[in-house]
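Some notes on the structure that comes next.
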Amino acid sequence: MTRSPAQLKLYEIIFGTDTRLGKTFDLILIMLICVSVLVLMIESLSDLSERSLLLLRIAEWFFTLVFTLEYALRLYCAPNPFRYARSFYGVVDLLSVLPSYISLIFPGANYLLIVRLLRVLRVFRILKLARYLSEANVLLRAMLHSRRKILVFFFSVFVLSIIFGSLMYVVEGTENGFSSIPKSVYWTIVTITTVGYGDITPQTSLGQFIAAIAMLTGYSIIAVPTGILTAELTQEMNREKQRRQCSGCHAEAHELAAKYCLHCGSRLKEKDEPN
Amino acid sequence: MTRSPAQLKLYEIIFGTDTRLGKTFDLILIMLICVSVLVLMIESLSDLSERSLLLLRIAEWFFTLVFTLEYALRLYCAPNPFRYARSFYGVVDLLSVLPSYISLIFPGANYLLIVRLLRVLRVFRILKLARYLSEANVLLRAMLHSRRKILVFFFSVFVLSIIFGSLMYVVEGTENGFSSIPKSVYWTIVTITTVGYGDITPQTSLGQFIAAIAMLTGYSIIAVPTGILTAELTQEMNREKQRRQCSGCHAEAHELAAKYCLHCGSRLKEKDEPN
Amino acid sequence: MTRSPAQLKLYEIIFGTDTRLGKTFDLILIMLICVSVLVLMIESLSDLSERSLLLLRIAEWFFTLVFTLEYALRLYCAPNPFRYARSFYGVVDLLSVLPSYISLIFPGANYLLIVRLLRVLRVFRILKLARYLSEANVLLRAMLHSRRKILVFFFSVFVLSIIFGSLMYVVEGTENGFSSIPKSVYWTIVTITTVGYGDITPQTSLGQFIAAIAMLTGYSIIAVPTGILTAELTQEMNREKQRRQCSGCHAEAHELAAKYCLHCGSRLKEKDEPN
Amino acid sequence: MTRSPAQLKLYEIIFGTDTRLGKTFDLILIMLICVSVLVLMIESLSDLSERSLLLLRIAEWFFTLVFTLEYALRLYCAPNPFRYARSFYGVVDLLSVLPSYISLIFPGANYLLIVRLLRVLRVFRILKLARYLSEANVLLRAMLHSRRKILVFFFSVFVLSIIFGSLMYVVEGTENGFSSIPKSVYWTIVTITTVGYGDITPQTSLGQFIAAIAMLTGYSIIAVPTGILTAELTQEMNREKQRRQCSGCHAEAHELAAKYCLHCGSRLKEKDEPN
């Protein structure tokens, strides 16, 4: 299927970020998103007059209609509408209008519109913040490399939480707020992560003793993910450094902050410059 | 003592994970364990009808009988029953049925059955998640190497907690919730680990001053186990890298993620592949 | 504009730290600042007699007049009064007297005088704590190098907080304390940072489940800034080491603690010594 | 002054740890200390009968007399009594009996006897836990190297706490629990260290906003001491490794866990073995 010139032009404006029009379109879009999220947050405040509530509702529907139109246009001009609809941004774009229509049937659903915020992530693409993205990439790659270690860690925390939770349920019992095992597990997670709301607290001496052990456990295993990530990050940053090669003398391993080659003095390329 | 063919066959099914039957047996077992833990958690909810409570009780006894039978079979077919009974999994297997029988005398003990969850750890063995295990090994080895440092650290925290706790007992006294030294020590641990329930809080100015010092102490020593583990982990990961040797040119120090030798291009062996 | 001898002399005393008079002036200033901050803190205590409150007020106005005079003198003798007025310390100096005058119109504003504390930072300059400053520099440079990573991290936390907050607002609702989205976002930040006041806590099972996920998320991402900073700091300290060069044999990479060259034994220069 | 044979013999028993008698003396001492601390903790429990309270009092006085006698003997047989009295253990030994006598005048002072616990630290000396001590030394040296960085960090936290505290005092005011600046500073420390008791919480929107910023600040600066210590510890462990030299071929840099030289295979000396 060949695309009409109108489709191609629209594609350039809506999906592109290189032309003046494309950039302007994206900037306006992001401002609209931010304002619409703000409207939602204000709408949730309890002490609003009838009148301002009505105004906010109208504003919300205005944004919903604009974003619906935008979604339709994206589907219309995308080279492969199905692929766009299944992509991350395609799904987010759909989710950012759906709750409005659902709220016609189930009131309250419109607050789920907050998912619109995820669309703001496009800001990175628009501003071509290559440096920011490369930093995010180092972080993501370090996390990806340590995903198995993190999984093993979370599995241990999960098993630990259920066992501690059940123990506390038996020791403290319903009368002290540990009214069921799921609730005790919730308490254990609150304790191990050192959040410690204090809505449920151990009252018996034995319970407090077990709680103290749970806390010290949490305190020590807080070290595990930090240790994993730091070790990976150090290696990842070393690798990143190794990758910076001088195009003159082919010397490697330049500091990320370096602008000139250590050996021949020729200017080093930025990662996002064309080779 | 020679073992009968029936024993050998049973051993292959129950303890083995290489044959089709052995794998299936383990997978069914793990599913049974998960369901039995879920049954226990649901049973603890307070708002259940008489009828569903009865059903859950029956299910619980069904699981107990199945696991008892399994334990008997394991004892029967193990090459050395005593060694199995004393092993980690042997003890866990026994503990995962005992509370049911104890609960006939002491009601409530059946919640200790949650220890069954530990049996799920077998999942690592079955799925031959060699990679996951190797990750867990790196973590465990880093912890083992730093066990003496961690011990010195915990001993200091322990002494610190008792001294801070007694000080607060003297300063705040019974009328502000610090009703005994053990309770004050509990409060100190809650504070130093930055959990902070707020069930006991200092009320006098001097008490709040000491509490602030305890918090800052806790805040700084949170750095110690993290620092220890990270430093060990970095070294452990370097060692792990060093161990990956190319079988072609014997070059060492390949990245864990690398699939081919840096120097001669021949494929690197996975750690769990036969040499 | 040429400056009068009186201006030059005053400049040496007020801004300089090399002469005996300059040092004495700064030391007296710092003592005055500390006492004035203490006066402010005591003044805020609720159980003061009329008489002591009056005394504290008089003391406060005394300090304000002294600091106003000092500010005027600084403006008078500075080589470039406008540049001084716009500098960090110039703004702080002004802010440390303004609230007193504002409090004549708006009572209570005088507590903002606490900003005077920032003037104490001058202590580093006076005592010529070059070593402390160089340590602070290593910290600052490590933070500067990782500023983009930290920004990406804070942006993610921000988006995450708003989404979790809205979700909890919908799930828990006004009757459980989540009375608006901004308040829910406040709760999410309290939870993710593992502070956990407990003034607002989830009451429904679903809310507790989401809260548990938020906590575990917070628990894991606490690792991210630590990981970033540690990795940067390690590199920064290596770089610092590399920079220490022996003036005799030009050997590099001396430990920061080293006093003599590893290779030729000649004394190493302190970083703040003249070359 | 020459010492009598009785003094020399006593010195060997009380201060020494090499002879059989010396070891036995120290072990008995540590057991007495532990029991006396336990007695103190039990005594603080509120629900004790008259009779058991009397028994505990007698036990306490028994321990006090024994420890007083021991202190007198130490003074008697020490080669330099004044130096012993001024040493760390000398002071602790004195402090561990003084409160008993003070409690005759000021009741309650006897709980300060808990300082006796510090005497247990002698256990490291007795058991000749050279390995533990060397681990503790690595930790201590890493902390010593980073003491200036840690100081800069604590100074910043201190200034930050006072400024945030005063701001909250002005914003929230007495009616919301922020009844004075010192109390607000206490709240800020509770928040920044992520302890979060919840005994004082911001009620106004502006207060919650400032609190959220304080939390995020605390969350990020938690990274600073961890980063500092980890970076130092990594370097310290590398240095430690470098120090392990083979006595055969003089090759350096053996892993701490290594038992044999990498190059010539001769056995490496333990750090605590005589050279």
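Going in written order, the chains are labelled A, B, C and D, and every chain counts its residues from 1.
Keep this in mind: a contact is a pair of C-beta atoms (placed from the backbone, for glycine too) under 8 Å apart; a residue touches a chain by one contact, two chains touch by 3 or more.
Fair warning: this is a prediction, and the values are worked out from it, not measured in the lab.
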item	value
Chain pair repeating C-D, as identified from B-C, A-D or B-D when over half of the contact pairs by residue number coincide	B-D
Most distant chain from chain C by Cα centroid	B
Comparison of A-B and A-D by number of C-beta pairs in contact, larger one	A-B
Classification of the chain A:chain C interface as same or different, half of numbers criterion	different
Distance between chain centroids, defined by C-alpha means - chain A, chain D (Å)	42
Centroid spacing, where centroids are CA-atom means, of chain A and chain B in whole angstrom	30
Contacts with 2+ other chains: residues of chain C	182, 185, 194-198, 222, 226, 228, 230, 234
Footprint of chain A on chain B - complex, ascending	37, 40-41, 44-46, 108-109, 111-112, 114-115, 117-118, 120-121, 131-132, 135-136, 138-139, 142, 150, 154, 157, 182-183, 185-186, 189-190, 193-199, 222, 225-226, 228-230, 232-234, 237, 255-257
Chain A-touching residues of chain C, taken from the complex the two chains share	145, 148-149, 151-153, 159, 162-163, 166-167, 169-170, 174, 179-182, 185, 191, 194-198, 201, 205, 208-209, 211-212, 215-216, 218-220, 222-224, 226-228, 230-231, 234-235, 239
Interfacial residue positions of chain D with respect to chain A in the complex	194-198, 226, 230
